[in-house]
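Letters A, B, C and D mark the chains in the order given here, with residues in each chain numbered from 1 onward.
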Amino acid sequence: MQFTSMILSNAEVSPGYWRMRMTAPPEFASAAPGQFVMVRVNGAIDPLLRRPFGVFDVGVHIPAQSGAMTQPYFEMLYRVVGKGTAMLSTLHKTDLLDILGPLGKGFDLGADDEEKLIVGGGVGLAPLYLLAKELVKKSPVRLFAGGRTRDDVLCITEFERLGVECYTATEDGSLGECGLVTEALLRRLDALDGKATIYACGPHGMLNAVANIAAERGISCQVSLEGYMACGVGACLGCVAPGHKHSPETPDFRCVCTEGPVFESGELKWRD
Amino acid sequence: MKPDMTVNLAGMQLRNPVMTASGTFGYGEEFAEYVDLEKIGAFVTKGLSLKPRAGNPTPRIVETPGGMLNAIGLQNVGIDAFIQKKVPFLQSVNTPAIANFFGNTIDEYAELAGRLDQIPEVAGLEVNISCPNVKQGGIVFGTDPECAASVVKACRAVTSKPLIVKLSPNVTDVVAMAKACEDAGADCLSLINTLTGMAIDLNRRRPVLANITGGFSGPAIKPVALRMVWQVAKAVKVPIIGIGGIMNATDALEFILAGATAIQVGTASFINPGAAQQIAVEMEAWLVENGVDDIKSLIGALET
Amino acid sequence: MKPDMTVNLAGMQLRNPVMTASGTFGYGEEFAEYVDLEKIGAFVTKGLSLKPRAGNPTPRIVETPGGMLNAIGLQNVGIDAFIQKKVPFLQSVNTPAIANFFGNTIDEYAELAGRLDQIPEVAGLEVNISCPNVKQGGIVFGTDPECAASVVKACRAVTSKPLIVKLSPNVTDVVAMAKACEDAGADCLSLINTLTGMAIDLNRRRPVLANITGGFSGPAIKPVALRMVWQVAKAVKVPIIGIGGIMNATDALEFILAGATAIQVGTASFINPGAAQQIAVEMEAWLVENGVDDIKSLIGALET
Amino acid sequence: MQFTSMILSNAEVSPGYWRMRMTAPPEFASAAPGQFVMVRVNGAIDPLLRRPFGVFDVGVHIPAQSGAMTQPYFEMLYRVVGKGTAMLSTLHKTDLLDILGPLGKGFDLGADDEEKLIVGGGVGLAPLYLLAKELVKKSPVRLFAGGRTRDDVLCITEFERLGVECYTATEDGSLGECGLVTEALLRRLDALDGKATIYACGPHGMLNAVANIAAERGISCQVSLEGYMACGVGACLGCVAPGHKHSPETPDFRCVCTEGPVFESGELKWRD
């Protein structure tokens, strides 16, 4: 779906991280957790390509004035890293953006009777909030959120409000445990009796570690990948990631924008 | 009055001159949600090879000022899977589908041309000669007139469908290439394919693309494309398809003035998946506004 | 600690690798208000010919996506007026001045090289071979290796100053051109000159430039320039000057990683007249930040 | 001179025409009437080149609050015709612009004891206001302002406030005389006794007509030209205009940005 969206709010929630709420057509409400949008930052040629962002939340704005029309919206949580995100951060309420989405294959919500372990690194939390919102309806959910410093650990209060139990870790110890968030995940897995599913999004190194942990313990695990995207609709073949059978001699690539961005971790190739 | 937007491209009657470019529109199906395929003139498939190809390692794309580089590595499903899985869709659409293809040797080119010739759903063939000739130590077919002519002759011998030859811009003399292909039996020439470019990641001290170099496309390359279309149009008799950085109807009409009978929309479809259809609509609107009743009257109408 | 920014370019010791490109910096004086010439490595004059040239009719320039086209027509004061009116300024500046020049015949090239050789204020010569050979029916010297080699040999015979040959990107095989020029006696190669492009004014149905086609420069062409510098650097032993779309220190350092010993700033000086000096300052700052103590350690340091 | 300027105001003064006031360094106050600036519309690559605009006015803002610093400024009057001017028109107070200028050779103010006849077409009035401001100090000044419709005849009140006698003409008769402004100029020249100097800026056709009128009557005439400019400082040689000795066989070009933009009309080549 392609639509023109009006910005409802755009605010810095932590140094360098912004949260933007924008209008959406009613059909957008059915976006699955883990799906993404392609945003055209600017109508001119600089930046030329659209930028991909996860769907952080969807909802409906109910105006204070009774009788006024309700307004479906969605949100993105983004980090300013380059030209496109810098330009996004300068936009204001009522500015318009051209959006393509929701795109891609989202998370599989899995069975109800198991624990859900969500692992997020930095802005990797973006697509995990909508996921948590769905999961808490049926299952106990724990979040393991990591970052370099406390500024990189985002929106924990929002997750807590959903009833999610949150563990945090930072590399510099400025928030939660000092170290990697996978430590807390491992402890929880050790304590666990019964089944669980892991959901992860974040830097590739973190996903790799989580995928290996899941594989060792035979736990089902879904990861959301990033990939350099031009089209978002399966046409350019730019976004691919190596599948589990991949080797330089027998290449096996998966299309992140249409077969993903969410994959069973076992479908992909990881370093040991 | 509705202007006449139809053009005849080497025997194919197109409802309008707007086509999509190979490698930027999948096999047609991918864009069905965004483009009513029956509102554009024709569409071109991703480049096909005899065997399926997995393509290059990543990163495969990078943005550059006003353009992008790609090093997809000609990933495609191969001719067999194309016939089994993609052709049924082509049949469902009342718009000419053109199969773009390439080989590593002249024999491979000919074999592909012969097999594509047998597919009724394929309206025309577009030969991509911008590929290295494995037998001649990697010299690109499309940079040597004789080499290109051999490819075209071999394909011509096995197909009676319209044969489009897609020219590379990475040459000293694009007119010599064009003439060689025309003489060898091409019904139509399309240009330009991508320029060869490179991008570097300063902090990592590495090329951005895993493949080091890549194909350069997008608005940035339009001046080169327009120049080549104009040069070739003056020199050959066969119709020309203009390609390179076309983002809107103005760009498209400029190529037609320069001598193109039709145009292909490439990178623009990534930025706006509905671009091709929108360009066709806006071209028609321009014709109405400017009192032009037949698009064909603009072909090569540049005053120099 | 201050990093070592000096580079040696074919015997010329430059305080830093930042030069200005011919045709974009006048004869040096024009930018005196904006650039402290003694803060950049060297500067290159507008291309000189034997007789003064008035240049092409207007329009001579047009903006394109991320770039520009120019068809100035090599307007210049000619060698006599250069010696009388421009050389005195060169003498006043403690920075190598390089004279860019071109001819219509090999004899003209040689005559100019010989005369420039006699001017003590001229530190080096840059031969522009992207000009049509009037004797050979307009074939551009810089698109044929033999033709280019003849020009270089003729110039080499009459000058002992550093001889830089500036390569055209409008060729199939830039490496073959580079090698031919190196073998013919070039001390250094600079690349790229402009690509050939064209722009059309749809409403007037005419080319925008009076000359129809023009030279394409600016950020848009950087991917092509970077690719060619990298290809040539791998193939030749002489130092290389990287040119094409350099707007800032990051761009400049990318060219150095690709194999350039020095770089030239062209179109960027139009947009920001202080660009060259600013790039030199920012390059040094980058070296400090990244703990690089000698710019020379970055030349060709790209990991592929 | 290159400087960063802050926008003080930017308002549409007539449909499609905008007037922008922006800060300037104190040295800018010495800008000569007819000089121009090169504006970098945007720090990125689109549009790539600077855009040239005449200096409409210079002045010093004296703040209401006593003791606060005075602020030198200059103004531009511009017409939205393409990408760059469209972007300029979206800028707001406090936005910053990179300016090069004042550039070029301005008008020669001529002798005091003669009448000054200023002829402006459309946005060609832009550099003529500062000129009029200077000329009225010493001489009687008449303005002949033309345009296609009344919307194209700008800032007449400002000229009147200077004490300039204004004649207007529009092609559609919606303001002043119906027809070309050169008619009124011719009538004034017929009525004139004594010497006069003509100053003109506007579309090339109008300048040509004025130059021919001046040549026929032997009246001194200065015109301000436009030309496609890349650098504005005499380096690119893009902006040239044919000089009076110009012919295709013996070309003779003048550099508009350094030898102009103001030329004695006799220096240039005109159609008869």
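Keep this in mind: a contact is a pair of C-beta atoms (placed from the backbone, for glycine too) under 8 Å apart; a residue touches a chain by one contact, two chains touch by 3 or more.
Given the structure is predicted, the values throughout are model-derived calculations rather than measurements.
Engineer: Starting from the defined contact criterion, work out which chains touch subunit B and subunit D both, please.
Structural biologist: A, C
Engineer: Which chain is most remote from subunit C in terms of Cα centres?
Structural biologist: A
Engineer: Looking at chain pairs A-C and A-B, which one is connected by more C-beta pairs in contact?
Structural biologist: Counting C-beta pairs in contact for A-C and A-B gives the edge to A-B.
Engineer: Return the distance between the CA-based centres of subunit A and subunit C, expressed in whole Å.
Structural biologist: 48
Engineer: Could you state the distance in Å from the CA-based centre of subunit A to that of subunit D?
Structural biologist: 55
Engineer: Just how far, in Å, is the C-alpha centre of subunit C from the one of subunit B?
Structural biologist: The mean C-alpha positions of subunit B and subunit C differ by 34 Å.
Engineer: Averaging only over C-alpha atoms, locate the centres of subunit A and subunit B and give their separation in whole Å.
Structural biologist: Distance between chain centres: 36 Å.
Engineer: Two or more other chains touching the same residue: where does that happen in subunit B?
Structural biologist: 65-67, 218-219
Engineer: For subunit D, what residues touch not just one other chain but two or more?
Structural biologist: In subunit D, 45-46 touch at least two other chains.
Engineer: If each protein chain is taken as a node and each touching pair as an edge, is the resulting graph a line, ring, star, complete or other?
Structural biologist: Its topology is that of a complete graph.
Engineer: Across the complex, what residues on subunit C touch subunit B?
Structural biologist: It is residues 64-67, 69, 143-144, 170-173, 195-200, 202, 204-207, 212-213, 216, 219-224, 226-227, 230, 245, 250, 253-254, 257-258, 301-304 of subunit C that touch subunit B.
Engineer: Name, in rising order, each residue of subunit C that touches subunit A in their complex.
Structural biologist: Residue positions touching the partner: 65-66.
Engineer: If you look only at subunit C, which of its residues touch subunit D in the complex?
Structural biologist: Subunit C reaches subunit D through residues 23-26, 30-31, 33-34, 46, 54-55, 57-63, 65-68, 70, 72, 75, 218-219, 247, 267, 269-274.
Engineer: If you look only at subunit A, which of its residues touch subunit C in the complex?
Structural biologist: 45-46
Engineer: Any idea which subunit A residues touch subunit B in the complex?
Structural biologist: Residues 1-2, 40, 45-50, 98, 100, 227-231, 233-238, 240-242, 248, 250-253.
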